[in-house]
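Below are structures written as structure tokens.
Look at the two complexes coming up: chain A is in both, with chain B in one and chain C in the other.
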Partner chain A sequence: MKKHEAREPLFHIVKRAQIPLYQGILIRVAAIVLALLTCAAVFFFLTQKSPVDFYRSMFNGAFGTERRIWNMAHQMAILLCISLAVTPAFKMRFWNIGAEGQVLVGGLACAAIMFYFRQSVPLPLLWVMMTLASILASMVWAIIPAIFKANWNTNETLFTLMMNYIATQLVAYFINVWVKSGSGVLNPMPDAGLPKLGNAWTLNISVVAVLTVILYIYLRFSKHGYEIAVVGESENTARYIGVNVKKVILRTMMLSGAICGVAGLLIVGGTSYTINANSAGGQGFTAIMVSWLAKFNPLLMILTSFLIAFLQRGTNQVSNDFKMDNSISNIVTAIILFFIIGCEFFINYKLVFRKPSKEDAT
Partner chain B sequence: MQKQTAIELKGVTKTFGTTVANKNVSLTVNKGEILSVLGENGSGKTTLMNMIAGIYFPDEGQIFINGEEAVIRSPKDAFAYKIGMIHQHFKLVDVLSAAENIILGLRGEGRYNLNKAAQKIKQISEQYGFEINPKKKIYAMSVSEKQTVEIIKVLYRGADILILDEPTAVLTPQETQKLFDVLRRMRDDGKAIVIITHKLHEVLSLSDKVAVLRKGEYIGTIETREANEAILTEMMVGKKITLNIDRLDPVSPEDRLIVSDLECVNRDGVKVLDHIDFTARSGEILGIAGIAGSGQRELLEAIAGLQHIDAGQIIYHDPKTGKEENLRDKTPLQIRDLGVRLSFVPEDRLGMGLVGNMDIVDNMMLRSYRKGKGVFLQRKPPKTLAEKIIDELEVVTPGPSTPVRRLSGGNVQKVLVGREIAASPTVLMAAYPVRGLDINSSYLIYHLLNQQKQKGVAVIFVGEDLDVLLALCDRILVIGSGHVTGLVDARHTTKEEIGLLMTKTEVKHHEEA
Partner chain C sequence: MKKVLVLLISVCLVFTAFVACAANGGQTANPTDDANAGKKDSIKVGFIFLHDENSTYDLNFMNGAKAAQQKLGLRDDQIIFKYPIEEGNECYEAAADLVDQGCDLVFADSFGHEQYIIKAAEEFQNVQFCHATGTQSTVKTDLKNFHNAFASIYEGRFLAGVAAGMKLNEMIEAGKITAEEAVMGYVGAFPYAEVVSGYTSFYLGAKYICPSVTMKVNFTNSWYEPTSESEIANALMDQGCVLISQHADSLGAPSACEARNVPNVSYNGSTAATCPNTFIVSSRIDWEPYFEYIINCVIEGKEIDNDWTGTLATGSVVLTEVNEQAAAAGTQAKIDEVKAKLEDGSLKVFDTSTFTVGGETLTSYLADVIDVGDFQGETEVIKDGYFHESEFRSAPYFDLRIDGITDLSQKAE
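Take a look at the complex of A and B:
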């Protein structure tokens, strides 16, 4: 028999009991601080410049001027809106990673109404049409994979992902049809834009704020929200208590799609007044992260979407100020997310190291 | 004769979070000896053995194998010490044959030589009296055959120390006897055997010594010949309790649920239920016995409206209106809307009956959330119900807003049974309601079922422990691979008779019924 060394492993992992709230917060704050320090170290390694400059530049990018603050708030609002959209589906364990496409199709429908009817239809009616068209288009885009999932149990992850590509190509196609010059750029149509409340961003921000509260109440206090949670936790339990699982899947994905439609409307009808294949800008995927980090709680998503938006604006400024490639933004975001997600491990587990003097203990 | 020690544990402690699974446990197993590790569910038996088998690593304490201190960090280390564990849930590859499963993962000379392996398997089988066909695929095997493969697998690897986790839980009385014969032969061959169990009569008939754990603490070891059921129970529970289940005579039984010619085919085209006929009467407990997976689950789910029915009828007699309703092809919601008060405690408590991540209040709401007008939930009535159940059934929980998965098995079941009974059912179906429960909780559940019976509820009780079925039920329906193989009067039958009916395959239905 092989002779074993009588030594304990250096450390082993032990599951923690529920830790108090303040400890959890403390661990998370420590993770963010560590992440920022790591970012500064990486920054110093790359540029040989003071980390203080780095932090200043980041802060400056997000909060430097009033305009920047509004910009960031707006970016946060759009991201939050898409995050809200994917959340009911995620709570149901329906991995909708097709928000990108759903937003794009909603935006496309909005752009189509603006393009064809802005000369012939009075503004208030046009706004209603834009809203309905966006919501309807996104709902259709979301409900197709849901129908397949509910009836034939297809894999929704792949399905919704593929629908994104179709959406991108659809947008490219219609721009070709609409833009006769062949430049591939649809000129903005601000005359058909949604009405402004205050400045250019307030309408979008207020719409999203209202949506956040509504969705929170819907998920937390309504019968529908309860059904979504039960279906997500266990389809067997849902069937056992007589929930029509198919119906809940379809209904929830329609809701998910509808909110994506609102996001598409706000992007196209409320901000850019035009569309291109990149209008959703990858936020359909970033939203997944926002929703997960907040553990599917719409109110917590205000925090997480703020964090992501801050990182994006801040790091853009850093790459501007120091003439760096845009990759710095990805690097910093990745480091910070790594620490935030990684610290969950220390919330659930702890490491127990080998006691230095084992002989004394026995 | 002084026996050599095979395993010695000294002060072994293992914690998971704040739960102490094992606290300062010290015990010894000798070669040529069968030791039973006895304890209620959750007393830390399996955790303790998993540390010997290399699945967990102890937080504190030492393990000695053959007198030398050992550090077992993985199952591979355990094999090097010639320790083999047969887990409660088998770890076999379904599409491979017995021989392939046995040599899977082995290194060294001739590891791909199936003929040679088959020879060695045959030799082991003859030595200890196993019956096994090395070429048979696992998916075609009965539970007992699979268990045999698991045991041979560890013997093939040369194990001298065998640990069996609840090996009889899934066996019929006859199969259990066979297994015990094999284990005795291995003991006589000088192997050290540890069997984890909570069944007292098995402990008494098989083992040489009994080690008792209670709530993770080691209580003591006694020689089996000095033990009896009362002593062992007291050691397990910590106080004297009487182990008698009351059985009252049924009060004016009436036909409540008549199942006739029921047939269900599963997705693979296999008939899981075939011509099932029986009647459940009010004020009576109808037991359902059978080997695990003989169609018990499908039967209850078919009645509850969760299983597609291919033929047959389920007729419900409404005691109030006297009307008859056919429940076939109705969803659970439609059944409820008909006014049929059917309660169901499913086998899979946290996967079907309850939602583990939700708190007790939200779990109460599962049955009642539709009540009340409007789109919003009413959390007040379920909260009152949750508090009432916590109070009446003595559920141990920090409060009604604790997620049920944090509760112990017994308390989870109290929540589930409490909710189902609160609906004042006319039919109550319970599948393995005491599986995994400690003795006190089990007796509480029996008591609750008896209470329902006295109230005139038709109780259907699917059980695995034949002693309990015999003591609690009025009639016992025996199911074997989807057929009814017998219906016996629980007052005038024996365990052996039921055991034989459980394994009966050829059935002449209709004529018998």
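Take a look at the complex of A and C:
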């Protein structure tokens, strides 16, 4: 036994230097397959129904009819828009978790313009006012925590989170002012809605598509994009090379806010024509995951937002088809995300097993 | 051997099919019966719910739908549920998706769904759309495939109030509280007619039994928010409320009551499973009769009532079993006694001699029955000494703030 003073463990973890592209893809595909199998197993355990039913229901929910495909594309577009909004700030390591509130405030500003001016202002001018108001309101909502961060180094995570609650209450307050019966339901105002481009969904989808490309170019090729990346890596380095960190923080959060404003505009002015405290529907938080999974790359975010939108619509169909509690939707989404995030470990590290030796054999 | 078996089974199947057809043909006497049976076999009904079954409100509708399905003998694939559906464009999309799936009849359960259901009804003229708690079918009378429904639940609330009054009297008699300390608390969702009508009738029911009772009300401004519902219930108990009731859809308020052992009168269904020591009774609308009615209308090709009001008589307004553990002795008997009076008309819930508004007894009130968005009353609803609730429209329009009830949300102003 003296020979084995430090016994080698069964396996140990080694950081990978570089991984070939195909291997990375293979690991991710394996993770998704494993995740889907686990989901089917959980589903079978809960319902004693065939996993085939589960997969069929999920795909059917997302792609079953032309309308469902459009609906999914639309949901994906809105989610992608909010994800685009949080990305520049995240790249700067400014943990903005206030997209939910920023979207709501943008939507509220849009609703306010629709409510007060739809009878007095001609439509094209009204659309301009709605757009400007949404973008401006969200920018203000985003820049308040940025000012505090830039000047007094306050914690932006808590700050932006708190701003969400204020936004929710603001919406509730204005609806109480506008809806005198107290029902909390502001009747939709389709007469003030944004113009249609093709069918009901194409305007929103096109706007987001254009935004995606612009943001990709901005982050990848512009000087601003470079500054964001440097501030994110190290504020001291940024200062050393002469970047005005304060200015970058403020400018980037304004950009984040502005894109949230566009999301608010599309939701209120382009889709529902009304607002309530749930109009952002938690997508401000889901967007964080979309952005993170795509490693803050706007083009990859098309894929990740597709994945999340597919999961949301697919699992919802599962819960409806089998008349289950909506929690099944959260459970399945959680399992799949767990596997996808978990597989990153195997992309960055590898397990090296102990080589069997003669001493071990005895 | 296998082949023989397969052949045998095939022959048997074909034979049974023939027999079935023949039997069917032989028994059919009335051609319309046959057509109806065909329709009954092919009808599809879609339901849109705001939340899933964790919301007591939506669960009550789901149970009604399942009961109607069972009673009519419809298959599972003829009843399609969609939830959770937000009160936004999602509701229109859900309705359109149900039409795509072949639904002949679509029902939505939340107040904020109405405008989107109307949008769907305008687009899909061949499908019938029904909506609970809404107000627009009396406005959009030309939209023939759109219908509203509700029930005279104020009568159920009044009876639940009777149970609350019995409990308060028991506490007073036992010396636990003085007559002046008989203060009830009420957790409301939104401060509009449906909720106001509900808590006022509940209060009047309690007052009918315990004349010294007063009540404090506060609102969550949401239909389903477990945390704020429980916070408001706790705040009301802190302010001396000795009995709580609610019109909000989570178990927030009843659970808060159970934790502090304060009696609770519920809505939408029994909470006895979660609150065995404090749940007294619950009033609820049984939607089965309505669902059965509208499904039958579609099967038989009849027109659905533009605006339908369920009552005690239609079996739509019901009370759950009284929980003997928490209720005062003799509660069930008293409820039955008062219910009989409501049924024979000798007792009116909103009898103007039993309440005052700003110290005055009302002799006239214009309610906003035709809801065109102006929030202006236009219909006289006080006649023969009582407020005629749910007679001019199924959705409640009693929105008076009567004396004895303090609205805490208005206090600051």
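Keep in mind that, in the parts below, the second predicted complex is superposed on the first by the 349 of 362 C-alpha atoms of A that agree within 3 Å, B and C clash if a C-alpha of one lies under 4 Å from a C-alpha of the other, contacts with A are read in each partner's own complex, and residues count from 1 in each chain.
Note that in this section contacts are C-beta pairs under 8 Å (C-beta built on N, C-alpha and C of every residue); 3 or more make two chains touch, one makes a residue touch a chain.
The structure displayed is predicted, hence computed values, not measured ones.
Chemist: One more residue to check, A:67. First (chain B), second (chain C), both or neither?
Modeler: So A:67 only meets chain C here.
Chemist: Contact-wise, after the overlay, does A:12 reach chain B, chain C, both or neither (first, second, both, neither)?
Modeler: Touch partner of A:12: chain B, not chain C.
Chemist: Would you sort A:182 into first (chain B), second (chain C), both or neither based on which partner it touches?
Modeler: Second partner only.
Chemist: Figure out whether A:230 sits in contact with chain B (first) or chain C (second), or with both, or with neither.
Modeler: A:230 contacts chain B only, not chain C.
Chemist: With both complexes overlaid on chain A, does A:326 touch chain B (first), chain C (second), both or neither?
Modeler: second
Chemist: What is the contact status of A:222 with respect to chain B (first) and chain C (second): first, second, both, or neither?
Modeler: Only chain B; A:222 stays clear of chain C.
Chemist: Chain C touches which residues of chain A in the complex?
Modeler: Touch list, chain A to chain C: 65, 67-68, 71, 172, 176, 180-185, 187-188, 190, 271-274, 276-279, 281, 319-320, 323, 325-327.
Chemist: Mind listing the chain C positions that touch chain A in their complex?
Modeler: 51-54, 80-84, 86-89, 93, 96-97, 100, 111-112, 114-116, 119, 189-194, 221-222, 368, 371, 373, 375, 399
Chemist: Which chain A residues qualify as touching chain B in the complex?
Modeler: Result: residues 1-2, 4-9, 12, 14-18, 221-226, 229-230, 233-234, 236-237, 239-242, 244, 352, 361-362 of chain A touch chain B.
Chemist: Quick check on the complex: what are the chain B residues that touch chain A?
Modeler: Those residues of chain B that touch chain A are 15-19, 57, 59-60, 62, 69-71, 73, 77, 80-82, 304-306, 331-333, 336, 344, 346, 348, 351-358, 362, 365-367, 369-370, 375-377.
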